[in-house]
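Pasting the structures in now, so scroll down.
The two complexes that follow have subunit A in common; it is paired with subunit B in the first and with subunit C in the second.
Our next item is the complex of A and B:
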C-alpha cells in the first residue's frame, strides 16, 4: 500500500519546523528517518496531513562532547552509533544496542530521536536510554525544555511531546570507565523486534544502577527498582525477578513471564560478574 | 506538488513530485528504472534496497521528497564499478539467484557487506543478510558469493 495524500515540508531550522507543527494543529508529524512512520503511513495505521521532514536540519545530526555528557542530535542514525561515532565510556553499550536494531539498511535511515519519539513499546532505544539515565532536549513554541527520558516515555506510542514540540537532542551522561552494562533481547530472527528486552547498568564508582525491561507484552519500557537493589546486594534469583515483574507490571502469562525473567536474569548476572 | 533535485545513477534529476510518492515508485514509474523491485512495501523484505550516498536503504519506506540532494544508485547504475562487477560474477559462479526478484536488493546489500567487513564468517553474513528475503530459498549461494568476495578482499 501507499501513503495517502499529504503535504510535505522540509525546513532547515528547528524554529521553522516548530512553526509548521504549530500551524498543523495536531495533524502535522515530524518525519525523521521514517523507518516506522512511513510503513505505518503506507499501511494506513498512522495518519498525517502534513509531514515535517527534519532531514535538512543540520544541527540535529550533530554529535558533541559537552563536558559531563555526550549530546546526540535527535536525527543521528543507528548506523552512525553502530560505527562508533558516539564515543564515550558507554559507547560499547550504545554500539551494541544500535548494531542489533533491525537491518543495516534500516539503521542507515532510522534515528535515535525518531525511535524515542515514536515510542514503540518493543523498541530498543527507550529501554537502553532509561537504563543509562539520559536526558532529552525539546524545542517548542514556548521555548526549550529538558527532561529525564523516563518522563519523556509516557506510554505505548505516547511521549511527553506537545503538538508543537520537537525532540532535538539526547544527553548521555559520561559514565566512569568501570561502568558495567548488559543488554539482552529475545527475538525469533535477526533484525526482528524483541519479544523481551532487558537492560542492566551499574556504575560502581557513582553507585548509579538501573534495571529496565521492555516489550509490547509489558507495554513498553519499565524500570524495575526492586531489582536494582537486588543487583547491588547479591544475585537475583528467578523468584525475585518474577516477583518484581508482577509487582511492577502486573500478572503476565507463563510464556511472557518466562522470557522476561530469563532476559532480566541474564542481564543482571552479566553486570554482576 | 513539491520540487525534488537529486542524482540517480550519475544523472542529475530536477522535477516536481507528489509528496506521497515513495522513492521506489519514483524510480520505477517516473524514471522507468524497473530494476528496483517492490516486495512487501513496508520495509521487511529488502527487495527494494538501493544505495543512497553509498549506503543501502529501503526505497519503499523512504519518501522521494526526503531525497533532496542525495545520490541514488540502483542496480542499473553500477556500470563498471569493480566490486559490483566482481559480485555479479560471484553470484553467477555460486548460483546465487534463481527467479531474480530479490537480486537487486541482495546485490546492494552484498555490496555494503563486502565494503564494510574485512572478514566475516557464515553466521555474520547471514545476520547481515537477514533483512533480505529470497523466496526461492537461495541463501546458500548468496552467502557463498559474499564470502568469496570478502575472502578475495583480504587475499
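Our next item is the complex of A and C:
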C-alpha cells in the first residue's frame, strides 16, 4: 500500500508549523517520527492533504532542566530516553518504559510527543505520563497553553489538540530520589503492543500517588483513583482491583479482567515492597 | 573420484550469501524494464458478495480491467482422482461473485504503484452482501448458506481408510479422546509474491519474471490459460526471498499480469505487499483433528480412530487442489509408530476464506501435532512418562524397511535412538523455574516422506506429477562447469550444495562450478522446488550428469594418453593415466579448440550433457527427527516463554552439514511460530483480523532460545549418496513439542490445552476451564 499524493512541508519554527496547520483547515497533519502515521497513510486508513514534518524544529528536540520539572521537547525520541538522556529523574522509570516500546528501529524515530498526540489506546507513554502526573505544553494560533496530560488524552485516538495546535513539550515534575514506581506490560511477544499495561507511582516525600491501567481492551489509559489508597495503605487484593476496574471502566470479559488485574496487582505490590 | 574437502559432507560457506548479505541480490522488485507500469488490484472487501456492477471512470480506458476483459483467458483447473472430489478453480478475477476478502475484482495500471492505487480508489463497485461461511462449523451447519449454489453441501472432498479396528476397539483397556485445533495462518516469506511480464518480439515469447518455486509449472499453467505454446512463454524466477509453498502454486496475479501484458503490449509488474499477503494470502494450515486412541494399560497404542476436518477456503489451487492437506495428513497420521489399527475419515470443506495452500511440510505439522498430543494424553491416561511411552510405540530399527498401516514404507532409521538422544540432551541442561512460573518439557517425533515420488501421490491425480528429474552439465572450454537445473533455490543453498556434488563426482573445485536455476529458458524441465525434494532429485540428476561428463573426459584423455578409457582415473580434478596426467581444463580445451588432436569419430556429441534421476523402485526416503521443548509458563497471565529447544534429526547423508543446520533452525523457528504466535483469525463475517504485523505475530530472535541441534546419518538405501530431504522437516515437530511442554507445565493445575497457537488467551482459557471443572466437582461433592 502506498499513500496518495500529498503536500509536504518541513518548517524550522513552531510558529511556521502552526501557520501551515492553520492554513490546512483540518487536512494538515504533523509528522514526527512517522512510526504510526506513515504506515496508516500507506494503508490509506489515515488521510492528510498536507504533512508538516517537525523534524527540523530544533527546540522540539531539547531536553532541559526547568527547576521543579524537567522539560522534554515533543520530538525527543524513545531511543534518546532509552539511552538515558532524560535520566536522573523518576528513578529510571522513563528509561524502563522507553526500552520496552516496540523495537530499537522504531524507537530511533518514534517520539514521546508523537505517541501522546497519536493517542493509540495500547501505547505505553500515555499510561506512564498519567502515572507521573505530567503537564503538556501546546502552541497554536491563539498562543500557548499548558494542560495536565490526563486532560490532554481525551479518548481513543483523540486528544485536546485543536486543528492548528502542536504539542511542543512535556513537563515531568521532579520527584524525590526515593520515588517508587512500577510499570508492568503483558504482551504476546517482545516488541508487540501491550495486551495489558499497569503503572503505579508513589512519591513518599510528597505523597503523590497514582495507579493507571491501559490497553486497547479498556479503551486507553485509565486512572484508577480507587486503588491509590491501596497503594499507600495496602494491600490491594484481586477483588478490590476487579472492583476498581469494573467501576472505572465497566464490565470486562474474564480474560481481560484477569490480565489487567494481575498486571495491576503486580505493579502495586512492586511499589509497596 | 571424491573430494572430502569440498564434496559431499563438507560444510562450505554458502556461495550465494555474499550477494544477499551485501544487498546485491536481484529480486523481482529490483528488475526494471523500460516502459514498465505497476499494477494494483481492487479486492473484495466482503467475504461473500454478488458483484452487481463496477463503475469505472470514463478516462480510465486501457488502465482498468475487470473479469470481462479477461474473457478469453481459460481457467486452469487442478485435477483430482479422489472420487467425488468437487473442485472449483479460482478465477483470475471474480466476475459476478466474490468468495473471500481479498479476492481480485479489478486490475488498475499506472506508472507507479501509488498512482495505480489512486485509480483503484476511483472505481465504484456495487457489492451485494451474501451470507458468509466463516468457519468449518458454519460450513457444516445443516441449514447454513452454501458457497456454491449447485452443491448440496459445503463439503468438497471426503476420504477414508479403515484397516478394520472394531475388535481392537472392543477389547482395548484404555481409550483417549482429544479434539485438536491448528489455526489458519499465513506463510509470510521475507519477500512477498511478485510478477513482471512483457512480450519479447525477438524471442516470440512472453517473458514472465515470477517469484516462484516452480518456473516450469507456472509456464505450463500460463500457456493453458493464455492459449500459448510452451515455447512461447519463458518463466524466470530471479532471486526469490523464501517460498514455503506459497510460491509453489499458480496465483491469480500471475495469470492477470501475464494476460494484461499480452493485451496491452506493455511491461507490467505487481509486487505483493504485506497487507495483501496477510489478507488474500492467509491460506495455510487450519485443521481440526478428532483423535481416538486405543491402548493397552502400559500405553502401547493399538489403534487410532481419527476424523480430520480441514478448512479448504473458497477454491482449489492449482496444481494441488484444496484436498492436499487432508490427504497428506491422513497418510502420515500414525507417525513413526508401530500401530496395528487405523481408521480415518477426512472432510475438506469450503468457506469464504482464501484457498488452502500447501505450507512448509504441508499437513505434517498438523498430523504430528495430532498424534503427538494424543501420545502425551495416552501417557497421562496410563500414568507413565510420555517419552517412555513413545519409546515403546516407535518402530524399531530392526523392523526397517517398515511397512506402515497407511501403506507407506519407511526406508531406514533408528527412531528410538533419535528420541533417546533428545532425552539425553534435555537431561544435560536441567532448568529451574523462576518464582511463580511453571516449567514443562514436551517431546515430538516425526517421520517425513521427502522427495515424494510418483507412486506416493499418483492416487491424488494432480496435473503435474513429480517423477523424473533432470540436470544439464555444460563443460566449458576452460574446464569450468555450468550446471543448469529446473528447480529454484530460494534459501536452500543449492548454488553451494549442487557445486559440492559436482565436486564430489568430478573432483573439481566448487569455485569452478556455477549453478543456473529457476529459468525455463535455460534449464531442463522440472516440476520445481517443494516437498524437500531438490537434494534427492536434482542432486541425483546433477551427479548423473557429472558421471556422463566424467566418462567423456576420460575418453578424451585416453586418446591423448594412448591408453584405454578404463585406465584413466579422475582424481582431485586431474585425469590420471598409466603414464601421464592432465587437467580437466586440458581435456576440455582439446575438444573445443584442438580437434585435430582427436580422431574425427571421438566424442562427436560433445561435453554438454543432460543427466537424469529417479529413485530406484520409485521409492522415497523418510527423514525423521525428535524435538524437545522446555517452556516457562506464567499461570496468571497465560504467557509462555520458550527456554530451551532441542532438535535431533536424521536426513541421511548431509551434503553440507552447515546448510542442514540452517534448514533445521529456520524450520524450527517457523514451527515455533505455528505453535505459539502465528494465526490469521477471521470474524463471523469472514473479515480477516490480522492484516498487518501489528496483529500477526511472528517469532523473532527475542522469542527463540538457543536451539540445540544434533544429528545422526542413516543413509537411505534408495537415493544417490544416501541423502534424504531436509527442507521442511524442522517445521513439523515444534507445534506438538511446544503444546506438550505447556501441558506438562500445566499438569499441577489440571489444565490441558488442545489448540495452537498457544496464545496467552488460549492458555488462560485452558486454566479457566480447569478452575471451572474443579469448582463444579466441588459443588457436586457437596
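Couple of notes before you dig in:
As a convention for this text, the second predicted complex is superposed on the first by the 272 of 273 C-alpha atoms of A that agree within 3 Å, B and C clash if a C-alpha of one lies under 4 Å from a C-alpha of the other, contacts with A are read in each partner's own complex, and residues count from 1 in each chain.
The criterion applied here is as follows: a contact is a pair of C-beta atoms (placed from the backbone, for glycine too) under 8 Å apart; a residue touches a chain by one contact, two chains touch by 3 or more.
Since we're looking at a predicted model, the values are computed, not measured.
In the overlay built on the shared chain, the residue A:31 is in contact with subunit B alone; subunit C does not reach it.
With both structures placed on the common chain, the touch criterion links A:43 to subunit B and to subunit C.
Once the two complexes are laid over each other on the shared chain, residue contacts for A:56 go to subunit B alone; subunit C is not touched. Once the two structures are overlaid, the count of subunit A residues touched is higher for B than for its counterpart among subunit B and subunit C.
Of the two partner chains placed by the overlay, neither subunit B nor subunit C lies in contact with A:228. Look at A:104: by the touch rule set out above, it reaches subunit B but stays clear of subunit C. Legend: residue contacts after superposition of the two complexes on their common chain; A:2 is shown touching both subunit B and subunit C.
In the superposition on chain A, contact of A:259 is made with subunit C only, not with subunit B. Of the two partner chains placed by the overlay, subunit B and subunit C both lie in contact with A:191.
Within subunit A, the residues touched by subunit B in the first complex and by subunit C in the second are 1-5, 39, 43, 189-191. Within the complex, the subunit C residues that touch subunit A are 112-114, 117-118, 121, 273, 275, 636-639, 677, 692, 694, 697, 699-700, 702-703, 759-761, 764-765, 768.
Remark: subunit A residues 1-5, 39, 43-44, 186, 188-193, 195, 254-255, 258-259, 262-263 touch subunit C in the complex. Residues of subunit B touching subunit A in their complex: 2, 18-22, 25, 41-43, 46, 49, 52, 55-58, 60-63, 65-66, 68, 109, 112, 126-128, 130-132.
Note for the complex: subunit A touches subunit B at residues 1-8, 10, 31, 34-35, 38-39, 42-43, 51, 53, 55-56, 79, 102-106, 108-109, 189-191.
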